[in-house]
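Here subunit A shows up in two complexes: once beside subunit B, once beside subunit C.
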Partner chain A sequence: MLGYTILAGLLFGLYFSLVGLGLNLVFGVVRIVNLAHGDFLMLGAFSAYWLFSLFAVSPFISVVLVFVGFSIIAWPLYYLLVPRLMATKDPEMLSLILFFGFSQVIEALATIAFGTSDRSIPGRALHMGPCRLFGQNYPASWIVGAVVSAAAVLFIYLYLYHTTKGYLSRAVMAHREEAVASGINVNRVCAIAFSIGVGLAAAAGVFAPFIFGSINPAMGVNITITSLTVIVVGSLGNPLGTVLGGLTYGISLMFMQTYFSSWANLLAYVMLILILLIRPSGLLGRSVRYA
Partner chain B sequence: MYPEQPPGNGEPLLRIEALVKRFGGFRALDGLTFDLMPGEIVGLVGPNGSGKTTCINVISGLYSPDGGDVIYHGRPISGMPSHRLVQIGINRTFQVPKPFPTLTASENVRVAAAHGRCDCTAVDVDALLASFELDCYAGRPAAELNAGQQKMLDLARALATGPSLLCIDELAAGLNPAELVRVAERLRELARSGITLLVVEHLMGFIDQVTDRVIVLNAGRGIFEGPLRGAVTDPKVIEVFLGTENGD
Partner chain C sequence: MPRTMRHILVALVPVAAMALLPLVYSNQLLLFNFVVFMILAQGINVIYGFTGYLPFGYFGFFGAGAYGFAISIMHLRMTPLPALGMAAIAAVVLALVLVPLFRLSGAYFAIANLAAGLAVYQVVSNPSLDNITKGPYGISLPAVFDPNFSYGIALVLLAATMMTVIYLRNSKFGLSLQAIRDDAVSAAMAGVNVVRLRVMAWLLSAVIAGLVGGVFAWYISVFYPQTVFSLDFSIFAIVFALFGGMTTILGPIIGVVILYGIYNLIGISTPQYFELVYGLLIMGLVLFQPNGVVALFKRWGIDVP
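Now for the complex of A and B:
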């Protein structure tokens, strides 16, 4: 039972790494808190649901379509919202208010469009049966979610450390003014990071119907809080620290669901409070604050 | 769009015209006007809060002016994005340099060389680092350099973009006397190569060593323009720095 719980926690943890990854990339590079992050995940989940329901599109294809589609949508959204925020005295604080409002708008419009009932994608959509790992059976959706998340983390690592744009993103993450003085078009670098961040959130949403069982338009707020917990536990502003935060959250959640199931829903809030009280810089601390 | 060589015929490289910058009700720059000629080194001095760094921040595009104009090569550049200003030849160093800590010293300069130039001229990064005695630290993360070395790296980073105008914000603070002499000589070399330097500094000995003339600021306005030895005998300057006999 203990082994099953730990391995299931790791699989869940990898998925939650993907859930928080985009939010942390956006915070790290753009220095704004996208409180609509969970709502983009919800929209990604509904996109996958409709793609499967209407056109029988496999989630494996949906995840690519959704990532690309939402990244493209996020590009003009960045230029519509963020440069104006950046011109204010306290963009971080104002971003909380703006994106909270934006989150409510998305939720309201999604409720009008999709209704309030829960939707789900049948497990057969993945065309895989349960997978056996270390003598235990795990749902295929958990394995697939974890593998796709690991691939996304690898993609972000390669982007940040092995591409020119990623190189520039790290420079902007470190010191925006020095980056400007080096001739870097900070706005463009931020727009790319914002687009990738929103695309990753929506891509995580493709597997939400499998991981959470069902989806609904109101799920965004809880997902945003879970994402905040994951990235604060890992290290705020360090996208790769999100993996540690995700794994910690996933294992903790699985232990709670196994041994104290009625308290499991409190986990995100309790972890958020504890980490902010005990180690506000996150588990990875200041020494790796910058990617 | 912009000539690469400094303009001739006695035309200024940079003209600051009645520049105003407000922060709420406080006028950090209040109608500041001056010219910078190609290849000259001008000191911008004044008491704390007189608007020196604000002036550099406006010239380098970090702040938009609330009035007046910044004219470069005869064209207004107010409101142009900072990274574009870097690419047309205006760069600056920072009072507290913040190099990219996880990038090596060499990478810090390479980023600037790759993105801060409008031409495709190759920059000899190793030689640039060597000219600031940073060659043996080229492969080290910038976070491991001491404060003086980070200042030199900041200067190397700015020079990698091939500036025509370089604004230098309190470079001398924290450097030891030997370093000050070397930096002063290096700045004079840069001016001889045609780069115009606007130097904000509190250390008057350093200003005296380096500059051709100084502009003294008080409350966002220029109150004196000329050689430093003239400034120290100017009644207005004396009043601003030392106060009056009545203790005002």
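Now for the complex of A and C:
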């Protein structure tokens, strides 16, 4: 029972790392809170649903299509919204409100287009039976979600630490003004980070129908809050810290569901508050607070 | 005429209007909701407009007030007016518990506050607390149901909240808060007690939300946890206040009249289309008019306090 709980928590947690990864990358580089994150995930989930039910595209192919597609969509979106937001008095605060408005627009359009009913993709789309690990059975979707998530984390690591653009991104993350002063095209770097972040959210959405059982246009808000928990626990603004946050969240969630099921819903919020109060910079972060 | 006097006269206009409208318009519940949002938007104005802290979890105080009121009626057998006092106390206790959140700045505060509101909701609606809060099954207070009286109390509360904002606009306290908002370090150097004033503004806005939560519970008298612990109350109030204009006296009221008016025209029958319009309005507001409608009036030469 204990072993099952821990391993299930790890698998689940890895998937949640993927859910939070894009949001954290955007916050770290662009310094805005994309409250529409969960809605991009929802759109990714619906894309996978339609790709499967209309053209029988396997989720393994649609994850790539969705990632690329949403990254391309996010690029003009960045230039439409963010530079103007950055010109306001308090961009970080106003980004919460702006992107809340945007999430409402997405949710409304999705409701108008898809209706309010729940949809799901049959589990056989993954072409895998339950996997057996250390003598216990786990749903195939958990394993797949965890593996895809690990791949995405590796991709972000390679991008940030082994490419020129990633190097520039880290410069912007560390000190925006100095990055501007040394001639870095901050807007371009931020646009790339935003595109990748939105793409990752949508890619995480491809597996949402399997992990959560079903999808509907209103699921975005809860996903956004869960993602915020994961990235705050990991440390806000440190994309790789997301993994630690995701694992902590996943394992704690599994423990709560196994041993105190009626209070499990409370966990995300209590963890969020405790971490913010005890270590506002997150488990891995450096101090970020001022005044 | 001194500035404060003029402000008070201007502030009496919406209060008088909301007091007279029930005589000519029969949907009192709708008018009551307008009053509730006017008070909440002013409460947001106190904390966000004057201190710059964005309270995403403001609905937590509203819900705490509603439940403080309901529990006092159900378990302590109080009459409505003292129960409103308990509603304010419930909100203040919650606000005191959350004071450490002020160590956080910017988006961190907003996120932590949101989590706090949702955590309170999860606790109140938990089935294990059935015998205290009635868990997720909702509350019914038929014995104290009195729409006319509670509507009147809501108006008194609206007037008191307007006076609070006028006081903040015209006093050293309010000026110090704005100094802290603009530059906390410089304000501290100039001898402003940053921590104490921030906490006072925080408690003030919590009391406002707690009281209006209590009046809301009294007026509708049948509600579920998700009715009062709804993120909509935070978001609506923030957007209304921002739309009208923060740190102004009439701005939040104008925001409620325009936006909540639109909501009632199209939101009830076709919620998804309202959501669309509403989302687009919020985005347009942040991108093109971050100082609100009042700033627009000022540019046209109309002085709105």
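Heads up, the rule we're going with is that the second predicted complex is superposed on the first by the 285 of 291 C-alpha atoms of A that agree within 3 Å, B and C clash if a C-alpha of one lies under 4 Å from a C-alpha of the other, contacts with A are read in each partner's own complex, and residues count from 1 in each chain.
The rule is short, and it goes like this: a contact is a pair of C-beta atoms (placed from the backbone, for glycine too) under 8 Å apart; a residue touches a chain by one contact, two chains touch by 3 or more.
All values derive from a computational prediction rather than experimental measurement.
After superposition on subunit A, the partners subunit B and subunit C are seen to fit next to each other with no clash. Shared-chain residue A:175: touches subunit B; no touch with subunit C. A count of residues in subunit A touched by subunit B and by subunit C gives the higher number to C.
With subunit A as vertex, the superposed Cα centres of subunit B and subunit C define an angle of 80 degrees, given in steps of 10.
Residue contacts after overlaying the shared chain place A:167 against subunit B, while subunit C stays out of touching range.
Of the two partner chains placed by the overlay, only subunit B lies in contact with A:183; subunit C stays clear of it.
For the three-chain overlay built from the shared chain A, the minimum Cα spacing from subunit B to subunit C equals 12 Å.
When the two complexes are superposed on chain A, the residues of subunit A that touch both subunit B and subunit C are 290-291.
Looking at the complex, you find that subunit C touches subunit A at residues 52, 54, 56, 100-101, 103-108, 110-112, 114-116, 118-119, 122-123, 126-128, 184-185, 231, 235, 238-239, 242, 272-273, 275-276, 278-283, 285-287, 290. Those residues of subunit A that touch subunit C in the shared complex are 27, 33, 81, 84-85, 88-90, 92-98, 100-109, 111-112, 221, 225, 228-229, 232, 236, 262-263, 265-266, 268-270, 272-273, 276-277, 280, 289-291.
Subunit A meets subunit B in the complex at residues 164, 167-168, 170-171, 174-175, 177-187, 290-291. Contacts from subunit B toward subunit A in the complex involve residues 60-62, 81-83, 86-87, 91-92, 94, 97-103, 107-108, 111-112, 114-117, 154, 157-158, 161.
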